[in-house]
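Here you go, one structure.
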């Protein structure tokens, strides 16, 4: 009798343990991680936590890589010196996106095949981000897109955007231009690349909402390869002289914005000019020289003293590199966000848990708060800054929360 | 369109047309003398621009020192180019080999420039600036024209004139023409082929580089300048592939059409230029200026 | 005198000349006849060094076999090629000018007015057409132009490759008169390669018959003219 009782108790115990173990493997993040996790795990035999970063190691955009690398190096050594992520050393694996969509897609595929990666970070070019959207969702690995195109914001699983959308930039620009700069007859100049053209079209739409119609004679689209902006400047000048233009709005990339600024200034167009965040990019400022002084811009991040967190980061950066970070150099801060995500997930290798953690974590960065905004929305941002260029440097005016 | 705008567009179109003409003249010279379409011609703009940057910005030389240094560098570069492309391949059985070699050279030059000067665009000073380093203007009767465009046009005209003098009036030019038309007979009767080809390459490449020197303050110095090569090819086709005069006319036409297309058609500027090219191919495939050498019935 | 000793000529693996020996006397018209493919043009090309060849070529004590094609032209040995070889896109006068390169040099300062006047005197038709582009000339005129260009090079020896080719008989007759004039009045040595054996032998002093890369016969032109072997092989029937 005793033997049978013992046997039944043992069986009961076994079954209840099994039942307990089974029920704790839900997708809910409880902080303890559970014995089995989500099943979608990164595997690193050396117990390091790996982050994949796709950047332009070669080709004409390689200067972006230089900025990113410096920033990631600083943050990486700081993070590892302070215990890494949950005690694990962190390492960054770089993938070269190259110069074309094809090379970018190949690089991303390599990244998805690397089983050690907990997350992947993609470059800032929206075209590349769009091209790899499907691959990212299929690979079930949380991917942070650096592009700002609205088309990237699909709400698809595992896709996240840590930059404000072009439409948010457009909304901010229009709000400031109409309310503060008092534009009534704007001229719009834009780069016909898909992402910047979209930005321009949003501007036109929002202007329309404010009762300002912009016709074809007031819009100038130019190709990404355009080199000669004096023809556009001459036409804008002619509109200004005829009283048909009292402000210029631009949406482009560094080289063309700089050339446009030079040409507009050379042609004597002395009306206020405002553009997207690329206006205050280092490259734009150095190429345009004095001609971009007085331009307004939106900015996604800034380097001014404000807030204890930013100051601390600025000093760390200065100590490590010998100079303070500028708006180009915030890429590496992502690693601290990842640290917070992993701690919330309870497991730095569990890709699904990390993915879910994004929905629960609110994280403060030098450029604003990363926060989840609901089902179907991949974008984590809600603020932009407006600034003006003075003496070749961007000076912040104020922060604008657009949602 | 008011008069001011019209003049601005006209001058802009002429100046860019001159740059395309310099490229196109080089293309024709190389095509006639070596039978090769130089797909690296566009990169010559970039090389010229980078050398201009190196002398004026990096070495900080004043203009009167920078210009002769640049010109000398262009000639030397042209000869090095010839040594790499022409000499190893001159007896090849495959004419396509040289064309492919020029394509490869274009890539090599592009990567080399990126290696040396980085991938970002670089700023080159205008030839004539006002106090703040901005482009200076000439104002006549209420119309303002940038000095850079005026100088580009003048330089273009001078170079076109010099090339004309070379081939039409000078002895050595006639010998170069002869060598281009029949290189076997030319060397048979004693024309030193290597010398004439070297001069041709040196001039053709230098023309492209000078174009780069003149245009880089406006367009920034970057390897993407090589994309203007397509305009030069269009000019050559429009003007007739055997005639320098035709190439110049074609180039000016392309430059002007491009400038005026930015009014109302700015999104389609490139398309307009190539529609022009297609129209010419359909209507006048031999180009505007017929070849001097006709077909005898 | 040009002395040719054991001249071999190769086009790749094919041997076109198999060790020929010739003597071209100063001031004489020497002709080289033979059927198609015999190696006549190869002989001229060998002297000018535009083909692969071995053997000795001595001219006035100078060994031509070590000189490049341009240098041979500078020695005064001028080659008027098969098919005229005029530069089609240059005018008549410009074509004549190109002939002076061997003594003028690309950047020289020599004067060629006198040479030009003499050529126009010899070929008045060229003077009429001096500014016409060479491609538009008739065959005969192009041949005159080619010979005129050769004369501009102040030659001591002129080598003519099949000047009669593709020309009407009347034109050929006129041409040969001029060739004889050049030789008699200016004392220029002529080496004449011809398919038209009849005419060649009529004007020449000495003749060589070339067959399949070897010299078959040689001798004073007068003798070879009536040699039955030559008559039957190269002249066909018809009056001399």
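We just call them A, B and C in the order they show up, numbering each chain from 1.
Here is the rule we go by: a contact is a pair of C-beta atoms (placed from the backbone, for glycine too) under 8 Å apart; a residue touches a chain by one contact, two chains touch by 3 or more.
In this text, all values refer to a predicted model and were calculated from it rather than measured experimentally.
K.L.:
Which one chain sits nearest the middle, judging by mean Cα positions?
P.N.:
Smallest offset from the overall C-alpha mean is found for B.
K.L.:
State the chain with the largest centre-to-centre distance from chain C, centres being mean CA positions.
P.N.:
Computed centres place A farthest from chain C.
K.L.:
Could you work out how far the Cα centre of chain A sits from that of chain B, in whole Å?
P.N.:
Distance between chain centres, rounded to whole Å: 41 Å.
K.L.:
Per the centroid of Cα atoms for each chain, what is the distance between chain B and chain C, given in Å?
P.N.:
Centre-to-centre distance between chain B and chain C: 43 Å.
K.L.:
Between chain A and chain C, what distance separates the C-alpha centroids? Give it in angstrom.
P.N.:
Whole-Å distance between the two chain centres: 80.
K.L.:
Spell out, as numbers or ranges, the residues of chain A touching 2 or more other chains.
P.N.:
none
K.L.:
In chain B, what residues contact two or more other chains?
P.N.:
none
K.L.:
Sort out for me which residues of chain C touch chain B in the complex.
P.N.:
Within the complex, chain C touches chain B at residues 48, 50, 69-70, 73-74, 78-79, 81, 85, 87-90, 94-95, 97-99, 101-102, 104, 106-107, 133, 135-136, 149-150, 153.
K.L.:
Would you mind writing out the residues of chain B in touch with chain C in their complex?
P.N.:
Residues 171-172, 174-175, 177-178, 181-182, 184-192, 195-196, 291-294, 296 of chain B touch chain C in their complex.
K.L.:
In their shared complex, at which residues does chain B touch chain A?
P.N.:
On the chain B side, the touching residues are 1-2, 4-5, 8-9, 12, 16, 114, 118-123, 132-135, 137, 144, 146, 149, 215, 218-220, 222-225, 227-228, 259, 262-264, 266-267, 269-270.
K.L.:
Which of the residues in chain A end up touching chain B in this complex?
P.N.:
59-63, 192, 216-217, 220-223, 225-228, 230-232, 234-235, 237-238, 241-242, 254-255, 258-259, 262, 265-268, 283, 286-287, 289-291
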